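Take a look at the structures listed below.
Same chain, two partners: chain A is paired with chain B first, then with chain C.
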Partner chain A sequence: RAELPPAEFERRVLRSAARHHYLRVRLELADGGARPNAAQFKQLVVSALRELHGEVGAALPVDVLTYEEKTLSAILRVISSGLVKLWSALTLLGFYQNRRCAFRVLQTSPFLLALSGNSRELVL
Partner chain B sequence: MVRFKNRYVLCEVLSDDPRCRQCIEDRAVGLAVRDAIGRVHGDYGLACCSISFTVKYLNAYTGTVLLRCRKDSYRLLCSALPFVRYLESRAQRYPCALNTLHVGGTIRTCQKFLIQYNRRQLLMLLQNCTNEEERQCIRKSLLSCSLTEEQSQSGDEEDDDGTE
Partner chain C sequence: QNTLNVCFSVGYSAVALNHVIDFKEKKQEIIKPVSPSELFPSLPIVQGTTKRIKVLTRLTLVVSDPSHCNLLRSTSANIRLYDIIAVFPKTEKLFHIACTTLDVDLVCINVTEKLPFYFRRPPVNMAIDRGIYFELLYTPAIKDSTMRRYTISNAISLMQICKGKNIVISSAAERPLELRGPYDVANLGLLFGLSESEAKAAVSTNCRATMLHGETRKTACGVVYTVKKPRKVEEEETTVPACKKAKTQA
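And then the complex of A and B:
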């Protein structure tokens, strides 16, 4: 019997392989009062970036991939180098049109497919 | 932590308006730079750069300004300097621009650079002179400036017995 050559073990570590990061966020707003539509939602995100990180932050390429006005939840896409700036700006945003609000980040991943399942809401 | 490292940014104030010279003061320049950092880098950038930010040296005649900041945030400061568009003091606002000459780790290196830079500028000014009178004027003033030694060092240096 011929012995197969021993399998070579190769390990590759890619630190920042993905170009974009995806975040599933939900905006918590007090009941009553107009809900923002998609354009106003993006304006809110960009204004949060502008407050915390200035014009450089506001110029960060952020995309709103989906937005549901009923639940006020959205999927955002940002370039990987800007994830920290975006997340910190969303955390520190407190007001929308003089009403208190808060951003809750539900999931984040460098792969969009990973946002489709959520093990927190898994019903076994 | 061993020690806090600073970066000293040497820049010069360029302006078309000759009245801008009287507006070059440390408070006015400091406020203008802080405002520019706040606009460009937001609250986070402003707080980062303000940790050890001062105007260390200012020369209104040549328009030379020396700014100090922490080593971790000198890139934020340098990138915000082109956004300073005007200086404001005593309710007067003059348009100007800040030109970065040198970034050094200590005041001494910035001073060495400034001395060399001023020498080269004087040579260039001499070459660009249009008439002979100006040349003579400049030559005379250059030859007449010299270091004056202080007459008396602080003479009374008594040894204090350390009884305090």
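And then the complex of A and C:
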């Protein structure tokens, strides 16, 4: 048997390959009252950043890619270095127009395609 | 009860219901904890596994006087019914006593006001050796912006002394909207200065260690171990047989 040449492979580790991180979030409000539309939602996110991280945080480039008013869920895109700031700002947000609210982050991933499937909703 | 339902849907696998006893008011008696089986006839299953969610009971003692600690040593039957015991020291002496001699699982760190004392390294290191965890709450940070500053500043000063070990982050949620998911809370740990692995451990492994610490505190009374004496080999005479000695340590 002829010996095959030893397999050569090269290992490349990409620590911060993706430039953006995507978050699927849902806003939970106490019942009743008006629901925010897309512009108000974006303003809520920016004000949460401003409350926690100040003007520098509010200047973080955040985009709302989709927003559904019925379920109050959205997909946000943020630059990878700002993920911790955005996520912590959303977690610590307590009030929207003097009503209690909570942000639930359902999924987060550096790839948008990964947000389409949710392994937690699988019925075993 | 709604709060617990939200807990389960967000993805927690064990929840502890807290009962706070403040000793400043008179006539405080420790009442029996509400048994979890009364609240839920059947507990739902954890997401992704087949095990059921555990609901534990927990007692927090707010101590501002050394005489309050005597309650822990008393053989009141009701204390033994709680799974986890936490103490909330208000002065530096009590913090030292709690870390070194008291028989508790958690030491709560105040997040709602500026700490009246600074942490020192010796009691903190002793607490880490004994397996006691420090607890930080995050719900005040959601309610008020002043408390947010105190939470973060107290947490950072704690991190500098303990280097991120033995930290547990928990919520004191009274309403379902004050609760946050486990990964969100782990992210908050990053804000407090923990590294990523320490932050995730603060929500998962450290909490499990606290539960086990509580269990051993309830059940273990003594340790028995045997020590083998080393065999002495002498060249000329016959060897002395090794003897095993049983040692009991109360």
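Assume the second predicted complex is superposed on the first by the 118 of 124 C-alpha atoms of A that agree within 3 Å, B and C clash if a C-alpha of one lies under 4 Å from a C-alpha of the other, contacts with A are read in each partner's own complex, and residues count from 1 in each chain.
What we mean here is this: a residue touches a chain if its C-beta (ideal position, glycine included) is under 8 Å from a C-beta of that chain, and two chains touch if they have at least 3 such contacts.
Since this is a predicted model, take the numbers as computed values, not measurements.
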* Asked: Taking the superposition as given, does A:30 touch the first partner, chain B, the second, chain C, both, or neither?
  -> second
* Asked: Which holds for A:51: it touches chain B only (first), chain C only (second), both, or neither?
  -> both
* Structure fact -> Comparing chain B and chain C in the superposed model, the one touching more of chain A is C
* Starting from the residues of chain A touching chain B, keep only those that also touch chain C in the other complex, and list them. => 51-52, 88
* Given the complex with chain A, which residues does chain C contribute to the contact? -> 10-11, 47-48, 138, 141-143, 145, 148, 175, 177-181, 183-185, 187-188, 190-191
* To do: Could you please specify the touching residues of chain A with respect to chain C in the complex?
  => 28, 30, 51-52, 84, 87-88, 90-94, 100-102, 104-105, 108, 119-120, 124
* **chain A contact footprint on chain B (complex, rising order)** => 37-45, 79
* Which residues, counting only chain A, touch chain B once they are in their complex? -> 49-57, 88
